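Below, chain A partners chain B and then partners chain C, in two separate complexes.
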Partner chain A sequence: MQDELKKRACELLADGTVNRVLGWSAGDFFYDITPTVFESAEDINKNFVYNDFCGANLSKYLIAESQKEGKIAVFLKPCDTYSFNQLMTEHRLKRENIYAVGIPCDGKVSAETLHDAGIHGILAVKKDGDDLVCDTVYGEKRMAFDVAQDERCRSCKSRKHVVYDELIGEEGEVLDSHRFDEVEKLEAMTPEERFNFWQGELSRCIRCNACRNVCPACNCELCVFDNPKSGVFSKAASNDFEDANFHIIRAFHVAGRCTDCGECSRVCPEHIPLHLLNRKFIKDIDTLYGDYQAGEKEGQMSPLSAFTEDRDAEPSIVQKGGIR
Partner chain B sequence: MITRISADRLPELLKQISELEKLYIPVDKSDKVSVFEEYEPGKVMSTKLNTLRSAKDFFFPQVQPMAKFRMEGKKIEVIDPRTEAEDYCIFGVRACDVRSFDVLDRVFLADPVDTYYENRRKHATVVSFACSEPSETCFCHSFGIDAARPAGDARMWMTEDTIYLEGISGKGKALLEKLDLAALSAVTDEKAERDVQEEVRRVHEIQKKMPLYSLTPADNREKELEIFHSPIWKELSDKCLGCGSCTFVCPTCQCFDIEDFDGGHGVERYRCWDSCMYKDFTMMAAGTPRKTQLERFRQRFMHKLVYYPIRNEGMYSCVGCGRCLRRCPIHMNIVKVMKAMEEDAQCETKN
Partner chain C sequence: MQMTNDNETWEPKIIAFCCNWCSYSGADLAGTNRLNYPANVKIIRVPCSCRINPMFILRAFQRGADGVIICGCHPGDCHYMTGNYHTRRRMTLLFSMLDYLGIEKERTRVEWVSAAEGQRFVDVMNDFVGQITKLGRCRRLEDLRCRTN
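Now for the complex of A and B:
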């Protein structure tokens, strides 16, 4: 697949469809993937990478890239296309400057998962049937691909691309992924257990803002937490509650707009399962307003910003003649 | 003098230390999370390579209360929260993190001494833990750190069946002398020395096979402006998300901000970690001195690889722990920067 993408990227540059290509490159290892803008076939042939570790969602980069001169090609995995649509809905992308190429995805792996499983000194990784085989300085180590995958991929919501100008590979389906199972486990807890769970997780937060800065839904020009005039400005918590406060406010701000791409959990250096907070909101929205998938269609109205008298969870809030 | 103890006596060893002073050890909270925690009987020491947060937390915590202000009418009462710390022991610090203490000391213990840091620092006894299984992201070796023979007040090696202990500083030796080693059937002999030598040799051999083994930082002290104006920064920083994860997982990053929290019943002044990667870092009335991500990104790496060495006899402000290699959301990191610098320097030479 990598070779096919490289070839297509070079063609798009050569025939003048675009003047830049947004893809991925790797560094010293095969897994240290960096989203990268390529401007020449030479650069693409040398550095372009598409492998099991290309989890990074490229859609958010388009906010800045699509404002630049000329058209840019971007490779989008199925779940990245949902973010793309959502950003379009929010008027954050200049569509005429983008050429979107849908590409297939079989689930992605974070090298952290391998390291956390005690696999160190990794020199190379290859797939062997259902296993990932790691060649390490300590010998060969195996891990089932299913286990190695990010949770977001194990419970993948869709292999279907919801937007593209061109598709490479076969189109997939929206999946019945049981992604709410993890949320149900949290819902089954007593309030005290649940509080302790989140307190335990969120107390590790170092407020590095990786979750926020990687999040395609977090696209404010100036975040309330960076704005000294907002009243909630802070760089760290002065008490236990505040880190939770940051994440709760963030979850509310992206509710109805979060596509469940799972980037927040992928990048969290403290391994906090942040996406479960957002997924709970998605589940609640589904329950209260009917099934809704953010980013499924461009221009769709979020249930949280579209009031319907017959279907609203709190119909008494807005009534004829105003609030009563 | 090296003492050997059967590895299954580790809990007893830890218990003995904890009876002398407060003891902190790395603990696995899950397969993904290891943190330093106060020891209690039953807690098992993590043998993972690194804790998620670095050990700098002990001396330079994420949040440090500095003062409280209580107001009554027109009177303001200032409360100083500082109390003299008790002696405590941090057990199981890796070689990279131990070196980070030297880097931080040169900042916080230089005149004017940071009393908050000094208070925690001087009461700590650091027992380091030699690495037996370094990873491909480890490059402490590049900065002259020996993962197999870490510094500290005392150090420990652990093989499959044996623990080896050696006192280094006066403080470390004094701690080991206070232990009832006979109760642990400890033996101090030639064999312990030989075993450790063999273990050190074994780990050094492993390190040679690592992809970053040959990474050598250049001495950039004479090239400050050249590197500052280099074209490498644009390409490297273009990809940066501008988050602070590299800064906050870094054992040597030391920048902070001071903020006031007004809880309604008075003000708490605290200092907290800050990141030069942030837009509002060192914000002043006239704005921020570094307006673009390029400038901010450059600052972080110039500080580690150029400015700090200039002020500290060539010592780098990186210890090769590899946390940023593992945790940066987009895998941009100091190794990539060092390599780009090197390539750029080679191009310059050719031209």
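Now for the complex of A and C:
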């Protein structure tokens, strides 16, 4: 696949369709992937990478890149195309400056998961049946691919590209994921158990803001958490209020716009399950206002911008325990 | 974490956000009619119930509130036409999220109170204060640095 993408990227540059290509390159290690803009075929041939570690969603980078001179090609995995549509809906992209290439994805892995499982010195990885085989300096190591892949890929909602100018590979399908299972487990707990669960998770937050900065929905030029007058301290949390405040507000701001792309949970250095917050909103919205998938189509009206006069549930439904 | 009201001097602190056009006038009417509602209810006037940013509610809990109630015009009667329709969706989702994080769902409420419903305002507040008194103190989001007593 990598060679195919490289070839296509070079062609797009050569025939003048675009003057830049947004893709991935590797850092010191081959699994150390970073989004990169390429300007020449030479650069692409030398540095362009597409492998099992290319989880990074490139769509948010288009906010800045599409404002520049000339057209840019971008490679989008299925979940990234939902973010792309959502950004289009929010008028954040200059569509005429973008050439979107849909590419297939069968689940991404992060090196951290492998390291945590005690697999170090990784030289190469490949799939073998249901396993991920790692060639390491200590010999061959195996891990079930299902366990190795990122949470969002394990509960992938769709392998379908919802927008593209060109598709490489085959059109996938919307999947029947079980992404709300964990949310339901939490809902079944007592308030005290839930509080303790979240205290355990959120108190690890070091307020690095990676979850916000990587999120395609968090595309405000000025964020509430950057406002020195807000009285919200963006430094590491000192108590439960600070933690809950940051996390509730962040999740609330993206409610109805979050495509569940999973970037926030992927980048969190503290492994805080942010998707459990986002999915609670998604689940409640689906239950109360009808099934809604942000980014499915361009131009959709967010359920938090819309209302019905006579059919919306009253807030007392929460007290009655009705949303579960 | 949860403290029961074994402390005899404990009185619940309730923050009531009231919309200027309906509920605040409703509270005013209760006052001019000399109807009593509990003194633990601190009213904050807002131009419209949809002016309420979720952060206001979190802030109230940060500063020691035990319950937060939002009062606005009845659906269809918003002075700005659609404000309370937005409040209705937002607060439903927010309260559900607060409950999900362990802030009991009984501590938050939305009630529609018109300018003519002075008695209803009083009944709602009495009921809410009773509910919060039963639940006891809310310490889960309290910020000790904000304590004044």
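Everything below uses one rule, namely that the second predicted complex is superposed on the first by the 307 of 324 C-alpha atoms of A that agree within 3 Å, B and C clash if a C-alpha of one lies under 4 Å from a C-alpha of the other, contacts with A are read in each partner's own complex, and residues count from 1 in each chain.
Following the convention adopted for this analysis, a contact is a pair of C-beta atoms (placed from the backbone, for glycine too) under 8 Å apart; a residue touches a chain by one contact, two chains touch by 3 or more.
Treat the numbers as computed from the prediction; the structure is a model and nothing was measured.
Contact with chain B, but none with chain C, is seen for A:Gly27 once the two complexes are overlaid on the shared chain. Of the two partner chains placed by the overlay, only chain B lies in contact with A:Glu112; chain C stays clear of it. In the superposition on chain A, A:Gly70 contacts neither chain B nor chain C. In the superposition on chain A, contact of A:Gly169 is made with neither chain B nor chain C. Once the two complexes are overlaid on the shared chain, A:Gly290 sits clear of chain B and of chain C alike.
In the superposition on chain A, A:Leu186 contacts chain C only, with no contact to chain B.
Of the two partner chains, chain B is the only one touched by A:Val214; chain C is not. Of the two partner chains placed by the overlay, only chain B lies in contact with A:Ile122; chain C stays clear of it. Shared interface residues of chain A, touching chain B in one complex and chain C in the other, are 239. Interface residues of chain A facing chain B in the complex, by the touch rule stated above, are 26-29, 31-37, 56, 111-112, 115-117, 120-123, 136-138, 204, 206-210, 212-214, 226, 228, 234-239, 263, 266-267, 269-271.
Chain A contributes residues 186-187, 191-199, 224, 230, 232, 239-242, 244-245, 248-249, 251-252, 255, 277, 280-281, 284-285, 288-289, 303-304, 306-309, 312-319, 321, 323 to its touches with chain C in the complex. Against chain A, in their complex, chain B makes its touches with residues 31-33, 35, 49, 52-53, 62-63, 65, 133-137, 206, 209-212, 238-239, 241-245, 247-249, 257, 259, 261, 268, 270, 272-275, 278-280, 323, 325-327, 329-333, 335-336, 339. Listing the residues of chain C that touch chain A in their complex gives 1-2, 54-55, 58, 61-62, 75-76, 82, 85-86, 88-106, 108-110, 140-145.
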